[in-house]
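Accompanying notes for the structure given below.
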C-alpha cells in the first residue's frame, strides 16, 4: 500500500478527534451569557477602546524575512540529501547560494532590521 | 424515590461531573490586599494547594473557576470585581476571603464595600484577618464539598 | 493472543489502520495528560512541595478531572470576536499537533517500522505540518478581538516563525549526515553514533528552538502571564482553551520525539544494551527530554521579547547556517 | 481517481470562497484549504517534494505572512477587516468574457479536443509509489535534478531572494525604532486618560 | 552586555540548585488529614469560658465590646437571680454575640476581659456557606459545661477570678482534634449538606 | 501497485488548472482589497504549478518540478514584496482600497 | 437599643500644633500661603532636595481651617555613604489654608514627587493646588462627591450614615432576612429547610 | 471636554499612526495588587504610562480618627501589609513621643521591637523576591522565598498570635514577652537563612537571563531619585546612603552594627541586589539582638496611664481593676501636639505625622507612604521601554497597595 494511505486514514481520525475536542464543549457547557461576559477582557475595566492601532514595521518585517529565508531553508533539503553524492561540487554550489543570501542578510542587519527596539 | 435507568445513569454522570469539577477548581489570580498575600501563601510549600488540584491560578477570568475575593473591596474596585466575576465562564464559585471582603471588617467606612456579597454572590465566607492559609484551604474544601453535594455544577441544570 | 492476531490479519487494511490510528491518538492524549501531571509533580518536587496528590491515588486522576471540568465549562465567544475563526483556531492547533504522529516511528520490529505511515520525506512532513501549527495561535489571538490576545498572538507568531527557521536549518545537518529524509533511515544511520555528537551544535540549536517553538520557559513569551495575562488564549475558556493546552503539550511531546529520532538515536540502545526493547529506549529518551523541559521551566526566568527575537535572528540563524556548511565541508571532504 | 474529483471540488470551492469572502481572514482560511488540497493533489501526482514545499512555503510561510499583515494592519477594526468589496462596473464585461472563455477551455480540454503535446525526450527516474526513496518526485530525485541539470535557475533563485530581501527592507524603511521620548506632550496624556479612565456620563 | 546571556555556567548552577531541591525535605502539611499546630497565642475562633464548676466566667461587663475596634461584639448583661446563677458575679451576659465576619482577630477583647471569659483559640477552620451563620451567639461560643477551667471566685468584687492571665494561656478547652463541636457546623453539615449549598 | 499512468486524463488537470487560474483572475479583477488581490495572484501561481506538475507526471520528467519550485520561490518573493508595499502604503490609511491610492495612480 | 460603645472623649485643643510638647522631630516653620511658593523654592535651592511628605490636616474649629504640612529632607545627592549622609536635616513647613475656597500654589515644579501627594490632598480635602498639571481625584472614583478626610465628612459616608441600621445585632451587618439572633441549631435547620423549599437562591 | 471611548479611538490611533491604548490592571498578575496603568503602546513599546491608583483606597486614616489610640493601631498595621509591624512600630514610637514616655520603654521591649521589625523586613523582602521572580517567570524562587517567609511568620505568630497582623507593638512596649520555645525557633531560622539565601542568590542573582532582564532597566539617577522622593532600597540603589535607622535612630538601632548596602547603578538589578544585601544585614542585626534576648526583663512600661496593668494584678488590687476598666473602656489620652515619626520600613522611610487634640483618639494620622512615592517614579521611567520592562520596574519598586492607596 502506498505509505500515504495510512497517513490519510490517520489524518481523518485526528480530524475527528480534534473536532470532538474543540466542538464538544459547545454542546456540553451550559451557557449563561451576560453583557459583561461578552465584552473583551481588559484586566477588569471596560475595554478602553476598540482593538485598534497599528504595529510597528519591524513586526511585519520579521514575517516577510521569514518567508524569504524559509524558501532558502527549503532549498537546502534536496541539497542535504544529495550531499553524499554531490560532494565538493554541491558544497561550492551551496556556498555560492549562501553567500548571495548572506549579502541580503547583512543588508538587513545593517539596516537595523533585526533591531527590536 | 423511584428512578428510571436513564435517570439513574444521568445522576451517576452528574456525580462524575461534580467530582471532576470539585477536584479541579482553578482560582483566578486576583489579589486585593493583605489577604492576597495569604492567598499566595496557600501555594507555598507549607500548604501547597496543588495537592487539591487547585494550583493552576489563571489570570484570565475566562479560564478560572473560583474567584477568591482576597481583601478589601474599595468602592472604586467594586465595578472591576463585578465585571471580572461577570466575565468568568460558568460554572463559577466565589470565596470571600477575610473580614474585609466578607463584611467590610474593621473598615466600616465610606471607602469600603460592606461585604462583597452585595455585588456578587458568594459561596463561602472565610473569617479572619487575614485567614490563615490553612483556613483558606478549609474554605476550598468547603467549595469542593459544595460542588460535590449539590451546589452549582454538574451536568443537570440545577441552578 | 493468536486469535486476536488472526482477526487482525483477516480485517481489511483500512480498518486495521483506523484502529491503530485511534489507539495511537489515545496513547498520545494519555501521554499528554500524564506529561502534564508529571510536570506539575516534578515542578512541585523541585519547589519543595508534593504537587497534586489527592485526586485519585498519588493524584493520578488529576488530568481526568481537569479534562472533564474543562469540557463542562461554559464555552464563551466574546461579542468582539470573529466567531468562525475564533472557533476554528483551536481546532487548527489541535489538528496540526495530532497530525504529526502519522509519520513518527516509535520503534522497529521484524515487520518494519512502528509507524502509521513510514514516509520517505518524513522529516520534511514534520516540518510542513509543524509550520502550520502557528495558525492556531495567530488566528486565535486575532479572532478574539481583544488586545491582550492580539499582542500575544503577534508575539507568538513572530517568535515561532523566527525559530522555525533555525530549527529547519538544524535538521539539515542531520540530513547531510544521514543522506535521507526518511525518519526510519535517519535512525538506522545512527546505529553506531548518535547524531547529537557529530551534530552537537545542531543539537544545541535544535533544543533551543524546540523550547522556543513550543513556547516554554525561558521562551514562554507567548503566554507570559505576568505581561500579557494569558497571551493569545486569554479569551478562550473551557475545552477550547484546553485544546490550545493539549496542543502545546502534544507539541512538546512531538519535539521530544523528533529530538530522540534525529539526535538521540531513536530506538537504538546505547552501550549495546539491546536486551531492553527499542521502544522502551525510545520512551525513555523522550521522557528524559521532557524532564529536561520541566527542569528548565522550574529554573529559568523568561527572556525579554527583543532579546528573544534578536537571539533567533542574529545568533541562531547564522550559527545554524555555519554549522551546516561545516558539516557539508566535512562530508564533502571525507565522504 | 476519486481523490482527483474530490480534491477538485475542494479546490474550486475554496478558491471561490477565497475571492468572495467578506473578510480577508476568511480568504486566508479558504486559501489555506486550497493549498492543502493542492498539496494532496501533488502527492497523487508523485510530486512528493513539491507537495511538502507547497505546505512549507505556501501554507507555512506566505499565508502566515498574510495572516500577520491582516492581524497587524487591521487589528480587527471593521473597515480594514472587511475591506471594500466593490466591483468596478467596467470589470463586468471582462468577467463575463472570462467566464465564457473558461467554460470553453474546460469543455475543450476535457473533451480532449485540444491536443496535448507529446513528452520531450528523456525522463529522469523510475516511477515508484510516492513515499519511497529516490524515485520520481522524491527529495533525492529532485535534488539531483536541481543541483546538476538546473543549477543555474537554482542560483538565480538565490539572487531573486536576495533582491526580495533588500526590497523588503527598503520598502519597510526600517529606521531603527526610536524609543519614544520620556516627555510626551502632557496634552496627549490627558486626552488619553480622559478617554480611557472610566467616566460615567458620556457612556451610552 | 549581550555576552552575559551566554553564561552557561550560571545557568547550569541554577539547574543544579533546583535539582537539589527535589531531594530536600518538604515542609508540606497535608492539610485535611494533618492539621497545622498553630502557636498557642494564635488568634482564631473565640470561645467563652466556664469555671470548673460550670458557671460562666463572663460577667456581662461589656469591656470586650468596647475594646473591639471592629464593633464585632454585642453584649447585653443581665442580673443574676438567686435561683438561677449563671455566673459567680452579680451579672451575666444575657446575650453575647460575636460577628466573626466583622472580627479582625486582633485579640483586644481577650486582653480586655477582666475574667478571662472570652479567649481566642487556635482554631482556624471557620469558613462557612452563609453569612448568617457567622453570628456566633452564646450557644456556640460557650464551652460545654464539663470543659470549664479554673476555680470560680466567691466574694471578689465583680466576680474577678484569681487565675487571670493563666487560663487564657490554655487556648483550647475543647480538643482540637475532635472536630470543633463548638461551631455545630459539623453536625449541621452532616445532616443537611445539600440544603446549605446555594 | 505502481501506477504509471496519471490517475485521470491530463485534460482534467488542464481544466482544473484553468478554472483555478480564472478564479484567481476574477479575484484580482473584482476585489479592491489589496490583500485579497494578492491572494488571488497566489491562486493563479498555483494553477500554473498544478499544470507544471501534471505534465511532469505525465511525461515523467523532472523539469516540471524544477519550474514549479522556481514559481514557488518567485511567489514567495512576490508575496513578501507585495505585502511590503501594501504595508508601506496602507499603514496609515484608514481604508484599504487600491483605488484610493493616489501614489499608484501617479 | 443603646450602643454599648463608650462615647469618645473629645480633645479640646483647637490648634494642636501650637500646643506641641518639645519634641525634637523636625525644624518647624509656619508660612503664609502667599509666601509659600517662594519659601519652598528657597528651601529647595538651599539643599532640601527631597520632599519627604506632603499632607494636610483639617482643624474644623480653627481659622485658617486647613494645615498643609510639608516635610522636607536636606540630603545631598552625593551622600554615597552613611557617614556622608550623617543626620540629614528634617524640616516641617506648615501652611494654613482658609476654609473658604482653599487654594495653594503647587509644588510640582519644585519637587516632582509632589504630584500625587497634591492630588491626594485635593481628593481627600478639597484643597486646590494652582498650577498642578493634572489635578484629578486620585484615591476616590472620579465621580465621587465630597472630600472624605474633612472632619465634617461622616465616617461611613453621607449616604450610609442616613440609612437605617438593623434594630438588634447593631454591630453586625447581617442582611435582612436572616434571623437576627439566637442562631441555634434549630434556627439554622429551619433556615435550611426554607432555603431548600425556595429552591436554592444564589 | 470628556471624550468617550468610541469616537476617540481613531484620534488616538491617528495621532502618530500606531498607538494602541491598553489598560494593564487593576486585575493583572504582575501589578502586585490593584494598580492600573494606562498604556499607550507602540507594538511592545510603551509610549506613555499613566498609573492609576486608588483601587484599594480603604479610608484607613479616617477610620483611625474614629478609634482609640490603641485600637487605631490595628488599622494602621493594615497599611503596609507586607510589613505590618513596621507600621505598628512607627505609630507606637510617634505616640510615645507625644506622650513623652519614649525614654521609659524597657530595653527588652526595644530589643523585641528590633527583632520583630527585622523579621518583618525579611518576610517582606521574601514576598518581594518571590513575586519578583514570578514576574520574570522564575517560579521556583517564589516557593523557596515563601518557604523562608513561612518560618518567619511562624515566629511572628508565636510571639504576637497572628501571622500577618499581630498587633504586637504596643504603646509602652510590646504585648507580652516572647513565648517559651521562641528563641530556639529563632536560632533555627538564623541557621537556615544563610544557606537559603545562597541558594536563592545562585538561582536568581547569578542567572544571566535575570540579569539581562534587570540590568539597565528603569534607571534612576541619584538626583532623579531624590526628585521623586524615593526612599529605602530604591534610593540606596541609586547611590544615596539614606537609611532612617542610621540617620534618625530609633528603638536602639544605634546599638547594633550593620551596614547600609548601596549601589550606584540605580537600575532594577541594583535594587534587587540591595534588597538581597539587606536581608543579610537584617540577619546580622538579628544575631546581635539574639544575644541580648537572653536577659529577661519587663516588656511593658509601668505606667497605668497608658498601659493596662498586668491581668494578674487585677484580681489583687481594686486600683488595678479600675485602671484596667478605664484604659479598656475609654482608652488613654494623649496630650495635644503633633509629631512626625519615621522608621525604615522594607520599602523605605515609613513616616507618620500624628496630631493629637488631647483626646482619646488620634486627631489625624497622616502616613508618609514610601510605596506611593516610589511608585510615582514609574511615570518617569516607564516611557520608552517594553511592556516586559515595565513589569520588571514595578516589581523592582516593590509597591504595596495597602499603603499606596491606604
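Chains here go by letter, A, B, C, D, E, F, G and H, matching the order in which they are written, and residues are numbered from 1 within each.
The rule is short, and it goes like this: a residue touches a chain if its C-beta (ideal position, glycine included) is under 8 Å from a C-beta of that chain, and two chains touch if they have at least 3 such contacts.
Since we're looking at a predicted model, the values are computed, not measured.
Student: Trace the shortest chain of touching neighbours from subunit B to subunit E and give its length in steps.
Tutor: Shortest path length, in steps: 1.
Student: Measuring between Cα centroids, what's the chain most distant from subunit F?
Tutor: In terms of C-alpha centroids, the chain at the greatest distance from subunit F is E.
Student: Select the chain at the greatest separation from subunit D, using centres from the mean of Cα atoms.
Tutor: So the farthest one, by centre of C-alpha atoms, is E.
Student: Using the average of all C-alpha atoms in each chain as its centre, how far is it in Å between subunit B and subunit F?
Tutor: 55
Student: Can you work out the whole-Å distance between the CA centroids of subunit E and subunit G?
Tutor: It comes to 34 Å between the two C-alpha centres.
Student: Measuring from the mean C-alpha position of subunit B to the mean C-alpha position of subunit C, what distance in angstrom results?
Tutor: Once rounded, the distance between the two centres reads 34 Å.
Student: Averaging only over C-alpha atoms, locate the centres of subunit E and subunit H and give their separation in whole Å.
Tutor: Computed value for the inter-centroid distance: 28 Å.
Student: Return the residues of subunit D touching two or more other chains; collapse runs of consecutive numbers into ranges.
Tutor: Residues 49, 53, 56-57, 60-62, 64-65, 68-70, 72-73, 75-76, 129, 131-132, 139-140, 142, 146, 157, 161, 163-164, 168, 172-173, 177, 179, 189, 195-199, 201, 203.
Student: So which stretches of subunit A touch two or more other chains?
Tutor: Within subunit A, residues 2-4, 28-32, 37, 39, 41-60, 63-68, 70-71, 74-75, 77, 81, 86, 90, 105, 115, 117 contact more than one other chain.
Student: Return the residues of subunit F touching two or more other chains; collapse runs of consecutive numbers into ranges.
Tutor: Expected reply: 1, 69, 72-73, 76-77, 79-80, 83-84, 87, 91-92, 94.
Student: Please output the residues of subunit C touching subunit A within their complex, sorted ascending.
Tutor: Going through subunit C, the ones touching subunit A are 13-14, 17-18, 20-22, 24-25, 29, 70-76, 78-80, 87, 90-91, 94-95, 98-99, 101-103, 116-120, 124, 131, 144-148, 150, 154, 157-158, 161-162, 164-165, 168-169, 172-173, 175-176, 179-181, 229, 234-235, 238-240, 242-243, 246, 305-306, 309-310, 313-314, 317-318, 321, 324-325, 328-329, 331-333, 335.
Student: Help me check something: in the complex, which residues belonging to subunit G touch subunit B?
Tutor: 139-141, 144, 148, 153-157, 160, 172-173, 200, 202
Student: Which of the residues in subunit H come into contact with subunit G in the complex?
Tutor: Touch residues, subunit H against subunit G: 53-54, 57, 59, 61-63, 66, 97-98, 100, 222-223, 226-229, 239-243, 246-248, 259-260, 262, 264, 329-331, 333, 335-341, 349, 351, 353, 355-361, 363-364, 366, 368, 372-373, 376-377, 379-380, 405-406.
Student: Over in the complex, which subunit A residues touch subunit H? Could you list them?
Tutor: Those in contact with subunit H are residues 42-56, 58-59, 117.
Student: Show me the residue ranges of subunit H that touch subunit B in the complex, using the header's touch definition.
Tutor: It comes out as residues 26-29, 33-34, 54-60, 62-63, 74-75, 78, 81-82, 84, 127, 130-131, 142-143, 146-147, 149-150, 162-165, 401-402, 405.
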